[in-house]
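Chain naming follows the written order as A, B, C and D, and within any one chain the residues start at number 1.
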Amino acid sequence: MTEEQLIQMALKVRQNAYVPYSEFMVGAALLGVSGEVYTGCNVECASLGATNCAERTAVFKAVSEGETKFKAIAVTGDPNKYTFPCGICRQVLVEFGRELKVIVAKTPDDYKVFTIEELIPHSFTPDDLGKNSPEEDQNGF
Amino acid sequence: MTEEQLIQMALKVRQNAYVPYSEFMVGAALLGVSGEVYTGCNVECASLGATNCAERTAVFKAVSEGETKFKAIAVTGDPNKYTFPCGICRQVLVEFGRELKVIVAKTPDDYKVFTIEELIPHSFTPDDLGKNSPEEDQNGF
Amino acid sequence: MTEEQLIQMALKVRQNAYVPYSEFMVGAALLGVSGEVYTGCNVECASLGATNCAERTAVFKAVSEGETKFKAIAVTGDPNKYTFPCGICRQVLVEFGRELKVIVAKTPDDYKVFTIEELIPHSFTPDDLGKNSPEEDQNGF
Amino acid sequence: MTEEQLIQMALKVRQNAYVPYSEFMVGAALLGVSGEVYTGCNVECASLGATNCAERTAVFKAVSEGETKFKAIAVTGDPNKYTFPCGICRQVLVEFGRELKVIVAKTPDDYKVFTIEELIPHSFTPDDLGKNSPEEDQNGF
């Protein structure tokens, strides 16, 4: 799975975004350590606070399918500008590990790569509540 | 697809719940008008406000796979007590239609059925913000 | 404190709504058992999921000032239409008691009254997680 | 208003935290450009996703009282460890400006200072949705 392929999957699922309020479509593709990819789009709600972003849709889908360790996520929003994950998504992503690679893409050829740790440094994590993150058992990649 | 079968699917995905903070596992199975079933579990987060419930996981998964019209959802939490959807999930469910059947189950043999309208009467809906719900185009079932 | 006075306070704080995304202003005024009133407006966020409604702003303000038992809340949104609390707000309101009076108002002279129990029947409550609601110790009013 | 004084106010309001689920108390004190201080604690909910953190309580309170430009916020959680704002709170704080000073404190004498920009670099902001942040009109302080 190359970064370009992951971005292509994010671009494809972005078409399913349900965004009657903002009309701002976002797609995400999350690569699990198993090799499986989980895709997500944003899903808005009339009560805006119940809105869910693309990145979290992908994470929730993955967890519900039994996977909790991830290698990389590609995010695609505005095709003319890098669309970064919001703070809520960064919080949910870092729950599952600090090493996750975040690929912020305009197109399959135009993207930037960060670690989730770079995007939410000094994060509030399971450890703050006396719990372990799923990554604790993770073997290095 | 019978109600019992949908509950069985909710019970199965409930095993994937990520609940280090509450240890309260919930599973949901959402039946789309296409006949497809989308399953979800709850996914908690150290920042508790970023937690997602089983019902919403199922909805977000469905929308990300292109389906926005639903017939029924089965919800299973505490096996000894009916676990009802929280207000956030009711809000997200009613976004997609007022007729949805909500099956609140202890076991495949012990359940109650409501409409989402009964669980969130006088709801705040897309119409309040001048939008149509996906159900508007829906033909009766 | 009359219902009309509580509505007037909700209408006043509504002017402070921060709503660059929806332009839908809402105000709320929450009456505590102490007699104190806590007002709130909606506060939106570019990441729509981080948006907070007027009713919850009022509750969070009250709790932060030491009050957790409430008699009534007035809600004012669209002046030409009754604006009901969303499911997230219903969930937060019912956390603190099932008897709360919810006053849904167009104007100080045109309003409807419900209990929170009517707006979120069969609610998921602290009891589901093995906790007591603050109302448990409450003496009748 | 010194940093120590702001931390003292955060420690005081922390006592009002409503945390039956995590038992993790947090307090925050937000200094507006007007010189007014708005305090907040965390307020949890049986539906964990409806939980609100201390920092957001302070912001929502401030906005509801008409203030949208801020200088600094002090955050106090675990007295033996620096408790950083979660991603949701970082997102809400950065909505109102990138220059905000975030004071993460164990005690009035033991604290670290960051800008919100440092805690949520490359943030998703009002600009991504074609809006201006309240800080745009802000004159330097």
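What to note about this one:
Methods note: contacts are C-beta pairs under 8 Å (C-beta built on N, C-alpha and C of every residue); 3 or more make two chains touch, one makes a residue touch a chain.
All figures in this text were calculated on a predicted structure; none of them were measured in a lab.
Each chain gets a centre from the mean of its Cα atoms; the one farthest from the centre of chain B is D.
Here the spacing of chain B and chain C, counted between their Cα centres, is 25 Å. If you average the Cα atoms of chain B and of chain D, the two centres end up 33 Å apart. Across the assembly, chain D contributes residues 21-22, 46-47, 50, 52, 86-89, 91-92, 124, 128-129 that each touch 2 or more other chains. Viewed as a contact network, the protein chains are fully connected, with every chain touching every other.
The touching residues of chain A, when paired with chain D in their complex, are 22, 24, 77-78, 81-92, 94, 104, 114, 118-124, 128-129. Per the touch definition, chain D reaches chain B in the complex via residues 21-22, 44, 46-53, 86-89.
On the side of chain D, the complex with chain C involves touching residues 13, 16, 18, 20-21, 39-41, 43, 45-47, 50, 52, 54, 56-61, 63-66, 68, 88, 91-92, 95, 124-129, 131-132, 134.
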